[in-house]
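Below, subunit A partners subunit B and then partners subunit C, in two separate complexes.
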Partner chain A sequence: MILRGLLYVGNEPSKDSETAKPIQGVPNPTYEWMGLTNEWGIRVKPGEHGLRLGDVNVGIYGEVPERWEDQTRRPRGALPRPGIPPLPYSLRSKHEMWADCAANLYEEAIQRRWIPATEVPWDLLAELPEDVERSVCQICTELSQCANTELEIITYWQDQMSYGYFEVKQYLATATFDCARHLEVLRKRALSNGGGLGLESRGRVNRMILESSGGWTEAVVYLYLLRGTYLTRLLAGLLEYAHNDAESYIYSHMLEDHARHLTYGYDHLKYAATHHKGGAAIMRTLLAIGEGMFAAEIEDPIVKSAMAIIFGGGIEGGRTFGMERYLLLIREFLQDYLELCSWLGVDREETLHPKLKQYLEI
Partner chain B sequence: MSEAIDMQEQHELDTSWMEKMGEWGAKATPGKRGLTLDDIKVGSYGDLPKNSDNMTGRPRGATARPDAYRVGAYSVHTLSEIWLENAEFLYEEALQRQWSSATDVPWHTLKPLPDAVEEAECLLCTFFNEVEFVAGDVPARWIAKTTPDYLEARNVLSAQVMDEARHMDVFRKRALANGGGLMRMSGATSGFVGSIDLARDFTEMSTRLHISGEGAVLTMFRMGELFGQNDAEKTMYRLCAQDEARHVAFGVMHLRFMGATAPERCEEIECYLDEAEDQLLAGQQNPAGTQSETSEALAILLGGGVEQYDEGHRKLLVIRRRQLKEYMKRVISAGFSTRFENGRSPIPAAYASTN
Partner chain C sequence: MAVFPSEQWFREVREVYNSDTSLHSGGGGACDSKAGLGIGDKYYKIEFAGLECANVGVCSESDLSEADFIIEMPMDAWVTMIKDVQGNGKASSNQTLNSLDLDHEDGIARSPIDDQYRQDLFYRYNQNFQDFFNASSRVTTTF
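Now for the complex of A and B:
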């Protein structure tokens, strides 16, 4: 601790200044707070992208400890104050939430913000054949529930994360907002072209994600590695087969947001797998269970059929090309997934759930 | 791909769900502000249940499936508990008014300040870095507890979580960008009874957070023109004030809705306001409060240096006075004016004494 403000403590103007005329009723300042700092003299300058969150990680302010015992809201690098009652921060180890990219993703999310109300060219929505419109609306309903699950699991964990890892909390705030925007834009799309919402999801994978209450990392395994990787392919497919510029705008921007979410998720899992003894083994166990749930979910005919109809341009096309295209989507997802698992050190190729394996053999 | 055709039996197209979808024929059209959340409250999709039985997380208006899992143990499932009439407007405004602390604050206008002034600014920034995200952490928790049938209110809270992250960030950046550093934490928002964190009811939380805590901070941010030492700081406070005004509006409008739709809870709310007013006058959560060390820092900033402390303190009194006045206006607007007339609230007397 540096006591650099003592100069003023003994130099209160109302006492020492002979020329100053004290104003009646003004309490004498104590200046007890002056000089109470861990590190002084920090002068970070903005770079070509402005003054970014990661830029101010200098000196002690950039030191991210493996364990953050402080259960108050003390900003990292600030001096503690004794006697502050704790808050229930249950995640206090770096491996439980950290990703090196969090600060950059936070800034990127802000730079890439978008506004569904005014930036989506809604006037370019055109009437679609009813079977296609119904399929688009059904997918919007399904994706809404995925976004809702992501929103609920993030906000469940967010306030349990220690202030020592504020970059992650801040990044997750952007993800929270992204999810809200996805809920908004999907609802807007479903209700603006002569359609409506569809059937709710059975929610097998949503339940699995929401019940991951053992830790945030466990939730990330299901939310991003398994479901998120699948959603990327789904959104890319929707973008490829978008019916107009309004849909293209929606899906491309959702994909951008989603890519950030996955970047965080994968980066965090890599960190957890390499910095937490036994972390990779836990992931492997979770995935063995999760793959079965996921396989059951994608067997549900509703999403499969709706996507096939979108790809096939209608029911007839959906029966042939559309379904083939959807099955290809699943295969591509599984290839991505296996590659990611291998990168994380939780190889799943040999032990992939048999019901998923069959999609690779198509 | 020929084997895929062989799999047709397993992957046969099923269209039976098409007959079970929600209300059909919704065609919301964009207005002059684009296609807003308000515009899509068409047909039954605009019907808000007074009590939500949605336990599966389905979007409002989607068809329920009998075999869906009950994943949502939503403790906030009554409209009066969380609703406000202008949620759609506040959410859309939040989207329109997002800003970037990296690029929208003219950081190049920061210039070296006298040591005491820099320390005062850094103390204030430490305080805000510490407390701003209470308003992110806590609303986030309530999003997860609220039924998705009240999507619009949840989305406003999601926008608030984003805003508060940016506030936490901008004050940290300021503290570390002009030759200073972070200082000692205040501990203003910690785990004690009556704190924002520990509220077990949404309206109780909102009263403490939106009406009292953020209300006091909003007044301060609005006075940033007075104590900001350069354009960077003035911009920072001005942009934060825009965000904070939406959060306070949420609290006022929610309280108004709750008072009108659940009058049996009004006395309970009065009790929360009693506590909130104690905090407003003297509590550590108000950076301009009589017992907050940030008040000394503010006096230095308002005066322009330690030599002008007394002058700065006089301006601080103006801020406190304005805090009280604005607080009363909000509570009156929320429909709880009687407390200022029947002697229950200490605020009118405190306000009168600042004359």
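Now for the complex of A and C:
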């Protein structure tokens, strides 16, 4: 009723055309805007998977230009209106953000959303030895900072992406929501089994990602190719050593979300490397810098020992099998990373940072 | 009683999986993927569409050139995994697709045409495939 009052100040408009009175000051509508369209008569039919974002990319609506000069919020395909003040979109070239899979990933993300509050079987959490609980909570703390970094860097750059590439902007909106969900579920895990949050991360790589000011592609190099590939192995390891069905649910679903993020990231980097002259060389330089920072981060004893304790089932096992398992995780991450770099055309095998190379030799 | 691996066995698992949505924990959402399974020297294609396993059947390796990815393991590894599911009602932590992928030197999933994007579907839809194999706990199986 309050809303009703707000919507109708005074008498409610009459629907009866004979009794309706003209409202003073409001001219008769001319409908001159009708017919002002770039392309009319589009009638896309739903396919076997429904009416998906990519399906309506038909006619001029499906034309994705290499450069989007328009600095307004004009939806792609809509008729431009003269005199609209420009907005500060700094990313206006396709190679700066594009990935062919973005529209499909958007659909996938909204279809595969999950609800930590009710879908994680929280009642199946079981008491763990204190050293293991502390380690799980420390990893939750670290991972939640990673999720927060991802969320912040996406939203920072998303704001600067032109509307001509709306598929990417929409997909990234789902990625930020995924990150929020990860923050939520990690916090809930840490606070629901007798523990609490642990020590704040030094955050070297987080800072490197957040300070990557050369463009979104630069951020993607650090966020997904370097750190994201590592996080995949970390989450897969946590899933393998999950202590109960609640943790299995959490890690498996985080892993699926994260895999979607990496699919966009890798696809974008492939696009940027092949459609932007010098793009691969820039990535190679960025990686040479980033690997050093990343090597310093994984040398940090906190994540290393916490993961070893989780893998080893306690401090004792962490000193032997657990640490061996963690070092294997790092080696497998580096193998994935080098393979991806090679696929992108930015071979790193010969010039991999020496501190990372040593993990391959263990 | 169905023999693993056989088309009959996969059909029975598919029926169980499709008829009980409580078995679908994978992302709570749609899965659209055509995958292959390499079981020893036998090959099967499996297709998920939306919330269901739409198709499953025997095929040749060359039929899988259009698959998003192929999950491939030696016969004894498959048998160990299925026996584990049968015994526990679902895969133990060291017998999930995720764990087996980690434990195999080159992983267990590959793209038949080296397409990174489509191979990633193995990770994005991992739980749907896990749920499918977990559903086999309700199918009386011989080997």
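Here is the rule we go by: the second predicted complex is superposed on the first by the 336 of 362 C-alpha atoms of A that agree within 3 Å, B and C clash if a C-alpha of one lies under 4 Å from a C-alpha of the other, contacts with A are read in each partner's own complex, and residues count from 1 in each chain.
We take it that contacts are C-beta pairs under 8 Å (C-beta built on N, C-alpha and C of every residue); 3 or more make two chains touch, one makes a residue touch a chain.
Please read these numbers as outputs of a predicted model, since none were measured by experiment.
Asker: Do subunit B and subunit C fit side by side on subunit A in the superposed arrangement, or is it a clash?
Answerer: fit
Asker: Would you check which partner chain A:93 touches, where first means subunit B only, second means subunit C only, and both and neither mean what they say?
Answerer: In the superposed model, A:93 contacts neither subunit B nor subunit C.
Asker: So, A:49: does it touch subunit B (first), subunit C (second), both, or neither?
Answerer: In the superposed model, A:49 contacts both subunit B and subunit C.
Asker: Tell me which partner A:162 touches in the superposition: subunit B (first), subunit C (second), both or neither.
Answerer: The answer is neither, since A:162 touches no partner chain.
Asker: In the overlay, work out which of subunit B or subunit C sits against more residues of subunit A.
Answerer: For subunit A, the partner with the higher number of touched residues is B.
Asker: May I ask you to decide whether A:229 touches subunit B, subunit C, both, or neither, giving the answer as first, second, both or neither?
Answerer: A:229: touches no partner chain.
Asker: Going by the contact rule set out at the top, does A:112 touch subunit B (first), subunit C (second), both, or neither?
Answerer: Only subunit C; A:112 stays clear of subunit B.
Asker: For A:239 in the superposed arrangement: first (subunit B), second (subunit C), both or neither?
Answerer: second
Asker: For A:212, select first, second, both or neither according to whether it touches subunit B, subunit C, the two together, or no partner.
Answerer: A:212: touches no partner chain.
Asker: Quick check on the superposed model: minimum Cα to Cα separation from subunit B to subunit C, whole Å please.
Answerer: Once the two complexes are overlaid, subunit B and subunit C approach no closer than 10 Å between C-alpha atoms.
Asker: Go through subunit A and flag every residue that touches subunit B in one model and subunit C in the other.
Answerer: 49, 111, 113, 115, 119
Asker: Over in the complex, which subunit B residues touch subunit A? Could you list them?
Answerer: The contact residues of subunit B facing subunit A are 1, 3-5, 7-8, 11-15, 17-18, 20-30, 33-37, 40, 42-43, 45, 56-59, 61-65, 67-69, 71-72, 91-92, 95-96, 98, 100-103, 105, 107-108, 115-116, 119, 122-123, 126, 129-131, 133-134, 136-138, 140-141, 143-144, 148, 151, 154-155, 158-159, 161-162, 164-166, 168-169, 172-173, 175-187, 189-192, 197, 293, 296-297, 299, 306-311, 313-314.
Asker: Give the list of subunit A residues in touch with subunit C in this complex.
Answerer: 48-49, 101, 108, 111-115, 119, 232, 236-237, 239-242, 248-249, 252-253, 255-256, 259-260, 262-263, 266-267, 270, 332, 340, 343
Asker: Per the contact definition, I'd like the list of subunit C residues that touch subunit A in the complex.
Answerer: That would be residues 25-32, 49-50, 93-94, 96, 98-99, 101-102, 116-117, 120, 123-127, 130 of subunit C.
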